[in-house]
Structure formats: structure tokens, C-alpha cells
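Below, subunit A partners subunit B and then partners subunit C, in two separate complexes.
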Partner chain A sequence: MPSQKKNDIAIRMEDVGIEIDGELDSGSEGKNRKAKASPRAGGRNGKPATTEDEEEEEDQDEAPRKRARKKKASAQDSEEEEEEDDRSVKRKGTKAAGRKKKAVKEEEEEEEEQGKKKKGGKGDAKGKGGKEKGNGKDKKKKNGNSSSSGESGDEDSLSEGEMTSLKEEVEEKKKLIATLRNKPWRMKRRLKLLKECQAFVEEFEGALGKGKGRKLYAYKVMMAKKMIKFNRDFDNFKTACIPWERKIKEVESHFGSSVASYFIFLRWMYGLNLVLFAFMFGLVVLPEVMMGLPYGSIPRKTVPRAEQDRAMDISVLLDFGGYCKYSILFYGFYNDERTIGVLQFRLPLSYLLVGLGIFGYSLMVVIRTMARNSDEGGDGGDDGQFTFAFKMFTSWDYLIGNPETADNKYASITTSFKESIVDEQENQKDENIHLRRFLRVLANFLILCSLGGSGFLIYFVVKRSQEFANLDQDELSWFEKNEVEFVMSLLGLVCPPLFETIAELEEYHPRIALKWQLGRIFALFLGNLYTFLFALFDEVNAKLEKEKSIRNATIWGLNEYYSNYSSYHNTTDIPPPDIHPADVIRGPCWETAVGIEFVKLTVSDIQVTYMTILIGDFLRAMIVRFLNYCWCWDLEAGFPSYGEFDISGNVLGLIFNQGMIWMGAFYAPGLVGLNVLRLLTSMYYQCWAVMSCNVPHERVFKASKSNNFYMGLLLLVLFLSLLPVVYTIMTLPPSFDCGPFSGREQMYNVVMETIENDLPAFIGNIFTYATNPGLILPAVLLMVLAIYYLNATSKNYQNANLELKKKMQMARDEEKNRRNNKENTNQVMQDLEDLLPNRSLLPPAAEEEKPPPEIVLEKGSKSPKVAKRPGAAANGKGVNIQKDVSLAAPNPKAAVTHPPGPRGPSGNARGPPPGPARGRGRGTPPSRR
Partner chain B sequence: MGSRASTLLREEEIEEIKKETGFSHSQITRLYSRFTSLDKGENGTLSREDFQRIPELAINPLGDRIINAFFPEGEDQVNFRGFMRTLAHFRPIEDNEKNKDPIASEPLNSRSNKLLFAFRLYDLDRDDKISRDELLQVLRMMVGVNISDEQLGSIADRTIQEADQNGDNSISFNEFIKVGNFLIFCIFGNMNYYLT
Partner chain C sequence: GFNSTFCTSDILQVQLSFPPPRLFDRYRDLAPQLVPLDYTDQPDVRLPYELIGSMPELKDNPFRQRIAEVFSEDGEGNMTLDDFLDMFSVLSEMAPRDLKAYYAFKIYDFNNDDFLCKSDLEKTLNKLTRNELTEDEVRMVCEKVIDEADLDNDGRLSLEDFQHMIVRAPDFLSTFHIRI
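What follows is the complex of A and B.
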């Protein structure tokens, strides 16, 4: 039975979904319905001639329903019928709200009449009365189509009677197609009819045919059904495949979308890193492991003799020395053979291309994501018309049957309401704007000061440390040695809370405040990055010097060996010197050193992050929770309380960590794998931590729909980390005895070699031409022009969009305003106005300019945004709208169709004399222009 | 089990239900078996308790309202016909029905009837208006005690302000339809994004 139950619910769900699909062109439908609901509308389109027609159709429409009702009445008790009738009347009443009672009664009478007529004429279900036939076949077809399509869903349940009726209809259609040529209709109508008939015949002929046709049809229907079901399952499957969707939703429901946005960002980052890892692993690490020389075969793959006794010590390994340093994880391990293995895999080339490809791919993905997000647009605050109404009426998910899910849903509804309230409050703020501006300028000034101060401090400390580096290490105190790190972590500890405190002066919406905070801490972290890179470059330069001397010594030693050997053995066939690889003298291999620095930094970052969570959140939560029983004040509500999730810190941590990965991946291929592990664990760890130890923010706010701000920061970091790597690849000479590029002048020489040796000559020529400045310069110019053009176009679109949005808003306000104004006018007039083409019977201009005071007050107290707009519209800003209306207003027919009925107390005095009434239009007397 | 159920259901009855609601034969028999399985009293009618046994309805904050929608005014039993009539609201609108039949008879699953059904869920006192108090009641069901009454009040006010067009501080069915139209528009707009 449960399955049945589920089925039931699923059906219901499907229905709802389909309904929504079906509503697309509700506009026209709605109009039609309205027209039907109030038949006295008659010349809704201002054409009295069509009135009759419509009314006639009305009658026919009424027919089937009446019929059905009567039929039922005969079968069932009449009580039910009465109720049904009642309901239908009520429905009508509500639909044409504000219609006069009399009108309703009139209609009822009419209905009654029709009912009688129908009862007499058409008792049976499928019968098409002669009158109806005469009136036009399209009408009947509609009926036929709708009734038969009801069955088309479930062909297997076609009964005999339905079959015959269907058959008749198909026959009729065929006849119609045959005789269509002779019908005295307009061509357009004929074509339309023809198309419809053909479609119908095609669809249902198969159902009626014998044997093959029938089977084919049944097969088609079955396949269509299967397809629908499959699509649904596939959608479910796709959703289930999104990793951690459940976890993130859970977090979102409790902590709001802002915290969830961090986790979504984390997930995105994980995906990106997986791809990078696949590149790195598949094209560099794996080939070297499978096809390269094994460990210990050549010097670069062996731990030097001096380090060998301590190479397995855990402390050395934790510093990534010893076996770690001479492993696949780092640059130095890779051999410089042009091709390896049976596949002739060009490892050095692949290494270089993957190193650059990682940047290329990341850039592409980040920019593509940004572009895709940006068309979703919006900074998260939805300016929609019915924000609260939607939340109110649609937030519950009717398929929830599990109490735990229901709890989550409750939490998420509450959170989303809270988010909306925060947005709403933000809209309502209208205090002293000058004071606010002053405070904001002040806050920015303060923060700039502190940023500048910390920048100078960093600069100063780095300078000093360079001086210290020249001194003897033993003379320095511990503090002097670790000064840079100390200052850096101090700044990192003090500044963010300081910024947050200062930011409170600004009183931004939390969402905007978060962005500012992110930007400011970002600037601070840049200092961090700068010092790190500075130190690193110093180290690299020192290593390069050292390497040069070692290299010279090695070359000299080799020459000595060769000359000695040849003179001693008197042969030119000299075997290479027989030294154990561990004993060979080597250079310092700066690339591996850099790689180790980055790996160390990443690992320490992981440790710090995890420890912070463990101590700052978990321990704190434990203490607050359990010491609360025996403490003098309320720990939970009072001072320490539970921690909040630090969005800005976490996001920036993630971004800068990614920067480290990008920079370090070239020198330490294993780093990407490490990062994948880190992101994976931190997803679970942080999810757990946030759910168990943190409390939601005081003001839960809605994150911007697009993560574009995060992405922008990421892009900046990507660019910044691209610079040093490309610089080293392009200018610094690679180490002579380690890594895939050893023995070459520059790293990119690998590409040159490949072009020269492996590719046909003409490609080399093409490359020479392509690198000609005469070609590059125009290309750059062209790109700049293209960028300029695209930028200009997008600006224009943006403007147009804004303009349209404004117009829509204005139209809405106008409507509301109008409705509010004629609140007290006669109901009949309202009705008439609904039906008029251009609302030319609006309340007069004077009234519109000055809406009733109590309404303004009410709105003003709720939202100044709204209160301002009606005024704006009336002040003539909505030029376009007004123009539209004033153009349309002088429709003489409209004026004629309407008797100068009672106008209600307020508008009565003006009456609608044709002249002024026309000019008035939507409140645009020419004088005001 | 389906066959047993259909034997209990007379053929002509099925025909009538089909005419009235537009369900197909197999759908009706399936729903009938569902009906009988819900009917613990086995007297051919469902009571409120029967509905409350459906977990989805028991959990739903609007569950009571939905259950109420099955019962005609003042009764606390519903037979299969009534059951089907209510369920017919959930039948999808078919394509050709949608664009060719706008002015023909309105089936139970027409757009406005669906909206009306939803409207009735919120219209507690059946006066064809959703008042502020009714909204507040629904809100309380939906968010419980997590939001203060004052804020709930402001939410209700905002909701009404958004939807209200004639300034009577309540939402009439006409205004509700407007919200519905806009909602559908929005959903569809968003859907385009999620599909790509």
C-alpha cells in the first residue's frame, strides 16, 4: 500500500507541475475567462459588432456544463446538484468581483433558460445538436477535442461507446477537410481549421484503426508515458547526484542562504580542484610513475647520502624533507628525458603544458561561471511584486511526509521569512542621510588608515628581516627570527574584528556589509601574500647563486674525469663516472624548495583552520553548554555565547588557499591532490561543526543569488598567482640537475624543441610568423576593440533592462493607485472600467495626482519605496506610459459604448462629456506637458 | 487488489464519474482502491481521521485545511463521488484543453478552479476574502513560535499590501488570481535558468 500511496502523491505532484507548465499563456486565457465571466462586457475590444458573436459562443459554452449537470442530477440526488449550482454561481460571483447583484441574477436567469433548452435538446453525452452544428464546426471540434483528449491519456480504458464517438468525430473531421474548400470562410480561418483537423485525424485515426495502426498507436502512447516517467526519474537522479545537496540544504534551512553560499562555493571549488587533479595526475604523475625510471636509479630520484640516516624520521617527513622531498610529489623528481616509455610520452612538454593549462582552465571556468551567474543577476534582494505573498502561499512542500524533513522545512520557512524581514527593514530605513554619509566616509577613512598602517608594518618588518638574514643566525633572538610570521598572524588576528567593529558605523545591509568586509580583509591578506612571495624570491635568488657555483664545479669535475679517463685508458669511448646516485653532488634545486614551501604553507593552513574550528567553535560550545549549569551568569545568552559562522573569514581562507594551490601546483604536482583531500574533509568537518556548534546569525540575511563577488575575488587571486608562476617559467633558468626541464636554458624551450623536432616544418614556420610582432599587435588591437564593442552593447542592454523594470513598476503602481482611488466609486462603473479597452473611464486627473491622504500615509509607514513611486508616476516621470494612454484614450467607440452612468460621489461631478473625457486619458492633460 | 476494487464499483458509476471529473477508467479504479484502503471504517465514506492517517497530510501545517476541502460544509463524511470531485482539481490541464477550450464549460481542473481550491485553503471562514487574521493563523501554523507576533503581523500586512488592490485590507479571489499568474510567470522564468 505504501507504494500506492506514493504513487498517488506522485500523480498529484505531477499534476501540479504540469499545471504550471500549462499556464504559460495564461494571459490570453485569463482575458477570455474574464470576457466570459462578464458577458455584459460585450465590446471589450471596443467593437460592438463582436458582442453578439461572443454572447452566442457564451451560450454554447454554457451548454456542456449544464448538460453534465443535468445528467448527473438524474443519476444522483438533486441535493448535490443544487450545491454544485450554488458553487458555480458563487464562482462566477467571485470572478467578476464587484459586479452588481442584479447582474448576477440576470445571468442566473439566463443560465436557467439555457439549461432548460439544453435539457430538452441534448440529453445524451456525445450528441451534437443540430443547432450547434450549424453554428460552426470549430466550436464543436473544441468540445470533441477536449473530451477525447481526456481519454487520450489512458487509451487502454477506452470503452466501446467512446470508441464509436471518437470514430464519428474522426469521420467528421475527414469530411470537413474534404469540404473545407467550399466553405465561405476567410482563408486564414480555413487554413487554421485545416491544420487542426489534420492533426486531430492523425492523432486518433491510429487509435481506431484495426490491427497494425492500433498497435502502433498503443505503442506510441506507451512509449510517451514511459518517456515521461523516465524523464522524471532521470531528473530525480540528477538531483541525487549533486554531491552534498542534502547537507547544504540542511545548513541552509537552519542558517540561511548566506552560510549556505559558503558551502556552495566550497563545493564548486571542490569540483574545480577535482578537474585540476585529474589533469595533473593523469598527464604528469601517472606517466612518470608508470613509465619513468624507478626510485634510486638516478641522482635526482635518490636521497643524498648525507640525508639518508634521517630520511625516514617522522619530523623530517613532516617537514617534507627526506623521502618526501625526493618523491613524485615534487618537481625535482621528474626526469628530463624527452620521451618516456613505449608510448613515447613527452613528459617535459606535458609537464609544462599541464602547468599552464591549469591556469587556463581555471580562468576559463571562473569567467564562465561569472558570466552565467551574472545573467541571473540581482544582488539577492528580490524586488518582485509579491515576495511575501509567494512565501506565504507557496513555501510549503506538499510532498513532505517525513517528520524530520518537515522540521527542516519549518526551519527553512522561518529563516526565509526572517531574511525577507531583514530586507524589508533595510528598505524602510530612512533616517538622516547626511549623518549616514558622514559615518560611512569616516569608517572608510579609518579602515584605510589601519590598512595603510598594517601595510607599512609588513613592509618594515620584511625589510628588517632581510637585514637579519645577512647577520649570523646564532646572534638573533627567537623573536627576531620569527618576526615576520609573528606580525603577520597578529595582524590577521586583530584586523578583521577591528574592521567589523568599524563597519558597524556604516549600517549597511548585512549582505553589503559582508562584501565590504570581504574586500577589506582581502586587501589585508594581500599584504600577507606579498611578504610570502618576497621571502620566497629572496630564497630562490640565493639558491640560484649557489646552484651556479655547484654547476660549474660539476662540469669542471666531469671534464677532469673525462680527460683523465681518456688519457689513462687511451680511448674516446668513455663510460659515465661510476658513482652511486646517492653520492653525486647536486644543486639546491630551487623549484623543489619552492614547492615544499607551498605545501608546508597549505598544510599549516589546514591545521590552523581545523584547530580554530575545534577550539574556537567546538570547545567553546562545549564550555558554554555544560558549564552553564554551574556558572554565575547565563553563558548561553551572555558573554561567550555560541560562535557564529564566520562567512567572510572562511570564504577568504578558501580563496587564498586556492591561490596557494595555483602557485604551488607547478612546483609540487602532489599539492593538488592534497587540496582535494582538504576540501573533501573540510566539507564534512565544517558542515558538522556549523550544525553542532554554531548559532545562526543575529540577522539572518539572504545571500546574493550569484556568488559573483566570491568569484571576482577568486579571479583576482588567480590573476595574482598567475604572475609569479609565469614569471619564473619565462625568465628564471631551471635547475641543471633536477626536474623535467634540467639542462635547458629556459623552461619554455621544451615547446621550441617539440616544434622543431616533432612537428612538420611548415608548422614551425607558422609559429614564427605568428610570433611576429607585426601580427601580434593587430591581434591585440582587434581584441581590445571587440572588448570595447561588447562592453558597450552590454551596457546598452543593461540600461534597457532597467528602463523596462522601471516601467513595469510604474505600471503596477499606477494600477494600484487607480484601484485605491476609485474604492468608493460605483460598483457598476468599476465593472465597466474592467471591460473597457483602455480604461478611459478612469478617475479624473486631479484625483490621480493627489491620492487620498490616508493611503499615502499607510504606504509611507510601511515602505517608503512604494510611497514614493505613485507620486513619481503622477509627476510625469512615466512619460511613456502616459503617452501610451493618451494616444489610446481618444477612442471614440469606447466613449460611445458607455452610457454616462453614475460616477460615484467623487468622480461624479465631471461626468464623461466626450471631449474632456478623452483628453483626460490617464491623467495627462495637454497643459501639463 | 485493483480488480477487487473495480468489481465493487459499478460500471455506470464509473462512467458518471468519468463524465464529471475527466478521470480515465483506470485512474478511477486505482483511486477507488486507494479510497477503500483509506476507509478504515469500511462504510464507503471517509472521515477526517481517515485522512489524517496520511503522513503527508498529518505533517502539513495546512493539512487540516486540505482535509476540510474534501468535506462539504457541515458534513464530516465524504463518499467516493465527493472524494473524486475534490481530487479532480489536481488533474493536469491538457494542452488542447488549455488553448482551445477557454470559453467552453469549465471542468473541475480548470485554472481558475485550481486557484479557487488553493484560495479556499486560506480562506478559513469562507467569506471569499483572505483577511489579515486568516493570514496570521496560517503563518502561525507555518512558522510556529520562532518569529515574534509583531513580525508575523508585519509579514501578514506586507502580504496583503502586495496583493491587495482595492484597499479593503484583505485578499479577494481576484487578487489571489493575480498573484497566481505572477507566480507562474516567475516560476517559469526561473525554470529556464535551472534548465540551462
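What follows is the complex of A and C.
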């Protein structure tokens, strides 16, 4: 029965044109099985012995090795029995008898043979590696079989040489056990090998007295596994710690990386603001609350008598008047005592340093982020050579095991494909350059017009509001009071869609169009911002005038009081005037006014943004969704449809909001906290709005990998908001009766005071030297030079980079071309070869034509196909296909649909393999080229 | 003659047990009535594809049928225990890249002709995107893929092309991987 089966297999193998190794193998195998006691058959001897030994260590002398081999073999003999036992033990079965051994062996062989058949059937990919492996296999078999020849008598006598060789083999087996997992073999073969190796190690470690290491080894393996698992968990934990990562990924998978880039920016902004808030809260607000004077103790912390009636009115509070105005939220509340509390906390100094430190920190973070992002570089379209191929073959994550994640993944893959397709289409587009140019100029002209118009409108409104400010507040309507905010919000609503419409003319790639759009809206908002600022300055100047008079009056009043008191009571020990804090006449405190302006602006911005989302997106989506059932046209596909997420508007809203925070934080420390709340809610709110009411863009495009355009805008805004704040700190005198700097000529005097009073004298000296223009000028010069140098270096690197990229591209193209042309040149060469009578032109080719001699010797004359195959497979390409092929699942389909006959030519038509062996083993040049 | 010493090998067996016993349990849990506990006499048990494909590890995978087909001996997705072990061994973290690449190639080779031709790529793409792309887009993507990865310009991807491409993929190893 087994022999019959074997024959069947052999026949089948011949049909397929199996490689010679397999043929021999099965043949000798069968023979051995039939006659167990006989030593190795002659067919085995035909095999070159050296190849057999290649796997083993060559430097061993022959005699002990053979003995060792015998030992091993004999061991394996019983091991095979043992294997059965192990199997049965492991699978909780009963102990099996040895009679099944044959069947098992049979099966294994069939398995291997099928593998080989597969290998042979594949037609390519049969090289040295495969052959070597085959030999290895043979060797094992041989050992196993020779063991059955009954040489198991000498296991008791172990000489020194045997010991060493044994040791090495044991080590080898151990290594095999350790790496067995990585071996590309079928499970059956691996199981068998494992059993063998384990048994062998077990046996001979005992014999060598080395069994102790085993536990340690097992422990090590276990620890390694634990370590891997721990690392994985730690990575997961790290990912889980990134806030909103899942939310953003979800948005990204449905709306593309461009929309996600907004949320990533929002998250980044939230982090920045959290740090700013920590500074502001920890170093300014908290000390004042904990250690400063309570509300109502001094005039600046008390609502004036005139305002007290309405101080709790909602309308007043919403305008940040009343109790709000005289609270910890604003500049005016802070006291000017040099130190407060038991800690001697220098609040005014801290206030100034935090105010400036916020800028310093933000600058640092923005620039650092930009620098880090520029590493990743590129403006989105990845220039890798395998963009689509990677997307197609590696984008599905096989780990995904839940339907929701799978849905997201499908969406994200689709989106990313669409993104890449848009990029690709853009590359392939050919255009009418003149028309395009004209349209672009026209679009820019229109946009400049609308920018100018909106600038004028703002200027006009601000002027009017200044007039209104002089009138009585009660006579003005709500609209007149809030005209500036209203107009600015209106412009913010109307202009961006207008720009977008105009930008359609330009037909830029969506990514570039987004940048233009961002730039234009930025210009619009910038105009708004600066008109707003100038209006504010006017107001501040007016307040300063008013304050001066009040201050003079106060000082005069105090002097009067003092002189009166001293003359009346005839004493120099004058108590301060006994006036209730609410009744003290006080200046307008321009800082608080400015702070209130900024807070109001921020709040109105929040309101507008949220209302826009609620009405523009949610309500629209509701109407489209539910009115669609009873409407005369298709609302979802037709006119209103669902909204798209407005990336540019949102990004710029975020950036300008941040500008407001930077500018206002100095005058309203509470603003940072407010902003943190805003960003937090807006994260959830907008995520929800996007996922529920918006549809993806028509052309989903890939965001640039570095968010550096956003960052650049942010940096610009940061710089712009730095200017007015630093200007006011440096030039405007602080209010005399409110805020931490009251009573000082300039705000920065608080630093001078500290240096003079609290620090040792030499630091003061150093400071004087450092502020000397003679030192500052060279320092600036040095910095400029450094910048110049660094800039030049980076340019050079950039050029080198580009050059290298170009070279890589060229090399790739060249390689491709060479592969293509090889066929042709080969053909030419062959023609030449025919022309030349002595054929001396191509000696290597002639050599290659005939297969390696030992194969001829072995196989005799099987079939021409077989003769060709080893040559074709002997190409030394770096890919380990050969090894892998042996464990391919033998696929009957493949065998049926592609009978071995036509496979030869098809293998050739595949084109020449790389490496030196190109064109080898090819009888005729394929006609396809 | 060595039986006395072999008894201790069970220790090693437990510690280094090659297919984790868990895998066998998983296999058996799919169909307790079909799979015997006792594998001593090599029962010829095959679980049908419907059972294999319904495993939580596979059921959301767009290529689950291909995976089962590639790893099953009969090519129909019906798996023996050994096939099953093979599958999860190749898809495990420890499997070498070349092996994974080879099987990935087999999985994406829908018509089993040992080349990824346009129809294979189209099928792959449609499975990945659930037919969301238009025909033009699909065609374009397939052309691009072949254009990128086809080194010998025969209009289809051989295993060699595929390996050449996949060894450069940054996250192939991390995505072609099932944890069980």
C-alpha cells in the first residue's frame, strides 16, 4: 500500500517535472521504507557528499563525526516513536502505538513532496537555497533511516572528540528550537523537527551533564516574551494617552487628512494654552487669590458706589462690567504691593514676567514645532516611489477585529486613495496657460477689491463707534453699541465664501488653493485686527488724558487733606483719609478697559462660531435631511445639500483667536482660562458637528505633512500681537490707581526695582553693562551673522538633498530601463553571436547554456524542462523565494488551471531576473518584446 | 533504549510548546462537535471556511476568504489543524518578513497564476474600498501600482517585484500580522 502510493507520487512528480532532488529523495525514501534494515541505497551516493556536509561544521575530523551522526541517527529513531507519544500527550490523547509511525511518515513525505511539486511547478525560484535545503532535508531523512539500520549499540562509549561534536550539535539543535518559529516550513515539518530537536537536546544534554541550563533558558525565553508584550502594552498605553487621538483618527478616516489637520492643530493649540494657563494661573492668579487682599478691601477691588446698583445685572455682567470688571479676571484688580503673603511673593514682578514669558514660551514652542515639522518636510504629496503600491498592499491592518474599526479603516483607505488620486490627477493635468494666468490675475484683482472694501468698512465703523462713545450710553441702541463687533463678524461670515467662489476661477490644486484661501482671509482678518487695535489705541489715549486729570485732582485732593489735617490736628502723624473704598474717586484704568475689550471680542467670537456651526451646519443638515421627504427637488443632492467642513475659516478663526488671547492675556489674566475652556468645548463640539452634519469635500486632498503653513501664520500673528503689548509695556504709563504697576512711571520699572533692591550689586552692574548699546550692537551683529551662516548652510544641504533625490530618481529610472532594454540588447547580442563565426564574443553565455554537470549526471535525461529549470533558478537574486516556495500550500487550482506545459515559456516571458545571471537558460528570446 | 530519559522532555515541551495550546483550543472551539480532543491517530478533520471565516480575528478582514484559501491545503478555505496553525504562525509577529511577503503575495493573487495582474489589483482595491471608487479611479490606481512596482515592465507584478516593493514598505510588518 505505501509503495503503491509512493509510485503514484513519483509518477505525478514526473508529470509535473519535479526537480531532481525531490525525485531522488522520494525514490530512496521509498526503498528504505520497504527494506528497513538495508543501508542507504546507491542512489543516495550519487549525491555529492560535500553538499550534504555543507550544513554541518566542516572542520570536524571525519571519524568522530560519523559516530556522532550515528548516535544522532539512532536517537532519532527512537525519537520518532517518541514524537508520537508527545503528540498524543499534548493533544490529551492516549498513548499511541508505534504502528502509526509509518502512516505519519508517509503523510509527511507526501507533504514534502507536494511542497516540492509546488516548487517544481512554479518554474522559477528554484535555486541554490532550495537545493541546499533539500539536501538538508535529505540528510535528516538519511539519518533517520540509517538509524533504522540498527546501529544503536555504541551509545555508552563517549570519547572526548565525540563530546565536543555532540556539544556542538546540541547547541545547534538548541538554536534550531529557538529559531524554529521563524523557519518558513509547513507546520507538520516544524512540529516534527521540534520534537526531534527537543528529544535530542534532552537526551544529550543529560549525557553531557549540561541539563541545568535548560531552566534558565526557558526562563529567558519567557522573559523575552513578557518583554515583548510589555513593550506592546506600553506603546498602546502611550497612544491611549494622546488626547482625542481616536476622535481625530475617526474624523480623518471619513474626511481626509486635511480636515484632520485642523483638529490636530486645535489639539496642539489646546496644549499650548494649557501651559500658558498654568503659568498665568499658578504665578499670578493663584497668589493673588490666596495671599492678596480680599474683595472690598481697597478701592481697586471694590465696585464704585455709582455702579453698585447695577453691578449684578445680567446685562452688565455679560458686558463684563459690574462685579466682573472688579474681579480677578482683569488687570485692575491686582495690588501693587511689592511682596505679598508669608512667602514674600513679588506679585508685580511675577505679573510682568509672566506677561512677557507667555510670549517667550509661545515663540519658542511655535518655532520648535516648525523646525521639527520641517524635518518631515514636503508639502503633502509624498514623493515615495511606491505610493499607490504601499497603499494597496499594506494599508489594511490585519489586526483589526471589530466592525466599527473596520468601517473606519475602509473609509480611511478610500479617503487616502482619493487623496492620492487627486494629487495624481493634478500631475497629469495639462492646461491652457494663458487662460489660466488671466483668470488668476482676475481673481486676485477681485479679491484685492473686496479686501480693500472691507478694510474701509471697518475703518468707517470704528470711526462711528468713537463718535457714539462720546454720546450717552443709554441713548444708543443695541446695534449701535455693538456695531464694530457686528460688522467684523459679518465680514468674517461673508468674505471667506466670497473668496472661495472667486478662487474657483484659479483652478489650483486644492491644497494650494487652501493656502491661498488662508492667506487671503488672513489678510482680511489682519485688516480687521489692526483697525480694531487703532481704535483701541484711540480709546486708550482718551482714557489716559482723562486719567491724568483725575490723577492730578486726586493728588491735589490728598495734599489738601494732608495739609488740612496737619494744620487742624497739629500733628504729622496723619491717618489715611477715611473714605469707603467704593466712594474713592478713581481713574478710568485703561488696562482693564483694554482687557474687557479683548474678552468681549473673544466671547463674541465664540458665540458667532458656535452659532454658525449650529445654524449653518446642524440646522441645514436637519432641514436637508428631513425636509427632503416632502420637497419638490432632491435637497441632499441638489441645492442646499450638506455643508462641507470649512478648513480655512476654522484654522484662521483659531489663529486669530489665539492672537486675541496673546494680546489680551496681559490685561485680562482670566482670558487664558476662558480660552482653554473654549478650545476644550470646541474640540468636542466641532468633532460632533463634523461627524454628524458635514460631508467630505468633493475633492478630498492630502494635507501637507507638516502643518507649517498654519504654524507660519500663527507665528506671524504671534509677532503681530507681541508688538502692541510690548509697546504698551514699554511706553505707556500704567494707571495710577489700579493694577500691579500703579504708582510707577513705567511698567518695567518693577524689574529695575527688583534688581536694585533684592539682588546683589554686581548683578545690577552686569545688567547695566548688558544694556549698554556698545554691547548690544555687536551682539545683534553676531546674531545676524549667525543667521546668515546658518541660512547658507541649510540652503546647501537643501541643494544636496535635491541633488540626491534627483540621482535616486535617475538610478531608479535607469534600472527600470536597463531591465527593459536588457531583452533588446540581449537579442542584439544574440544576433551578433549568430553573425560571428567563432562565437568568442559571448563566452559566459555559451557556458551558461548547458546545465551544471552534476545535475546532468544525476537526472540523466528526464525532460528538457527539468534541464532548463535549475539554470533558470540559479540566478543569485537576493530574494529568498526558493525557501518559501517549499511550504506553499499546494494549490490544486493552480495545478489545474496552469498545467506544467505552458509554464516554461510563461516563466521566461516574465522577463530576465536581476543580477549577473541575466538571460541565462533562455533558449529563444521571448517574442513579446 | 532511551525511553527512561525522555520522560523529562515534557518539561521542555510545556515551556516551549510550539503551537501554543491556545491555538488548538481556538481551533477546537470553532466546532467542538467535529474536532476531537485526541489527535493521536491523525483524524482527517477539516473545518469549513464558514467556520474559519467567522473567527473574530478574521471576520472583519476583507481578505479573509483569500487567507483561508491560501493556507488551506485544498485551496477552498477548509482547514485542517495544521493549516490553521500555519496560518497563525505566518501571521504572527515572529514570522520573518520574506515569509510574510510570500503569503501576502499569495493572498493578493486572486486567480492563483503567481502574478498580480490588473484583475487581481482591481479585486484587491475593490475589497479595500468597498467599491467606493469609480471605475476610472480604480483603473488609474491599478495602472499606477503596476507602474510603480513592475520592475520588468511586463504589465503585472511577479513575486520578485512584490518582494522588492514590500521590503520598502514601512508598515508592512506591523499590519500584516494577527494577534491571537
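Note that in this section the second predicted complex is superposed on the first by the 541 of 929 C-alpha atoms of A that agree within 3 Å, B and C clash if a C-alpha of one lies under 4 Å from a C-alpha of the other, contacts with A are read in each partner's own complex, and residues count from 1 in each chain.
Simple rule for what comes next: a contact is a pair of C-beta atoms (placed from the backbone, for glycine too) under 8 Å apart; a residue touches a chain by one contact, two chains touch by 3 or more.
The shown structure was predicted, so the numbers you read here are calculated from the model rather than taken from an experiment.
Enquirer: Touch test for A:Y410: subunit B only (first), subunit C only (second), both, or neither?
Expert: In the superposition, A:Y410 contacts both subunit B and subunit C.
Enquirer: Counting only touches as set out at the top, which of subunit B and subunit C does A:V201 meet: first, second, both, neither?
Expert: It touches subunit C, and subunit B stays clear.
Enquirer: Who does A:F388 touch here: subunit B (first), subunit C (second), both, or neither?
Expert: Both partners.
Enquirer: Can A:E814 be said to touch subunit B (first), subunit C (second), both, or neither?
Expert: neither
Enquirer: Just subunit B (first), just subunit C (second), both, or neither: which does A:W396 touch?
Expert: In the superposition, A:W396 touches subunit B and subunit C alike.
Enquirer: Looking at A:I228 after the superposition, I want to know if it touches subunit B, subunit C, both of them or none. Which is it: first, second, both, neither?
Expert: The second partner, subunit C, only.
Enquirer: Taking the superposition as given, does A:L191 touch the first partner, subunit B, the second, subunit C, both, or neither?
Expert: second
Enquirer: Overlap of the subunit B and subunit C footprints on subunit A, residue-wise?
Expert: Subunit A residues touching both partners: 75, 90-91, 93-95, 125, 385-390, 392-396, 398-403, 406, 410, 413-414, 417-418, 420-421, 424, 815-816, 819-820.
Enquirer: Tell me, which parts of subunit A touch subunit B in their complex?
Expert: Within the complex, subunit A touches subunit B at residues 1, 4-5, 7-9, 11-12, 14-16, 18-30, 32-33, 35-36, 57-58, 60-66, 68, 71-72, 75-76, 80, 83, 90-91, 93-95, 97-98, 125, 141-143, 145-146, 149-151, 153-154, 156-157, 159, 376, 384-390, 392-396, 398-403, 406, 410-411, 413-414, 417-418, 420-421, 424, 815-816, 819-820, 823, 855, 859, 862, 866.
Enquirer: Looking at the complex, which residues from subunit B come into contact with subunit A?
Expert: 12, 15-16, 19-20, 22, 24-27, 30-31, 33-34, 37, 54-56, 59-62, 72, 81, 90-106, 109, 111-114, 116, 118, 122, 128, 135, 138-139, 142-144, 146-147, 151, 154-155, 157-159, 161-163, 165-168, 172-174, 177, 179, 181-184, 186-188, 193
Enquirer: Subunit A touches which residues of subunit C in the complex?
Expert: Touching subunit A: residues 1-3, 5-6, 8-13, 15-19, 21, 24, 37-42, 56-57, 59-63, 70-75, 82-83, 85-86, 89, 91-96, 98-99, 102, 104, 106, 108, 111-115, 121, 124-125, 128-130, 132-133, 137, 140-141, 144-145, 148-149, 151-154, 158-160, 162-166, 168-172, 174-179 of subunit C.
Enquirer: Please output the residues of subunit A touching subunit C within their complex, sorted ascending.
Expert: 75, 78, 82, 84-96, 100, 103-104, 107, 122, 125, 152, 155, 177, 180-182, 184, 186-188, 190-191, 194, 198-199, 201-203, 206, 214, 218, 221-222, 228, 385-390, 392-403, 405-406, 410, 413-414, 417-418, 420-421, 424, 815-816, 819-820, 877, 879-881, 883-885, 887-894, 897-898, 909-914, 928
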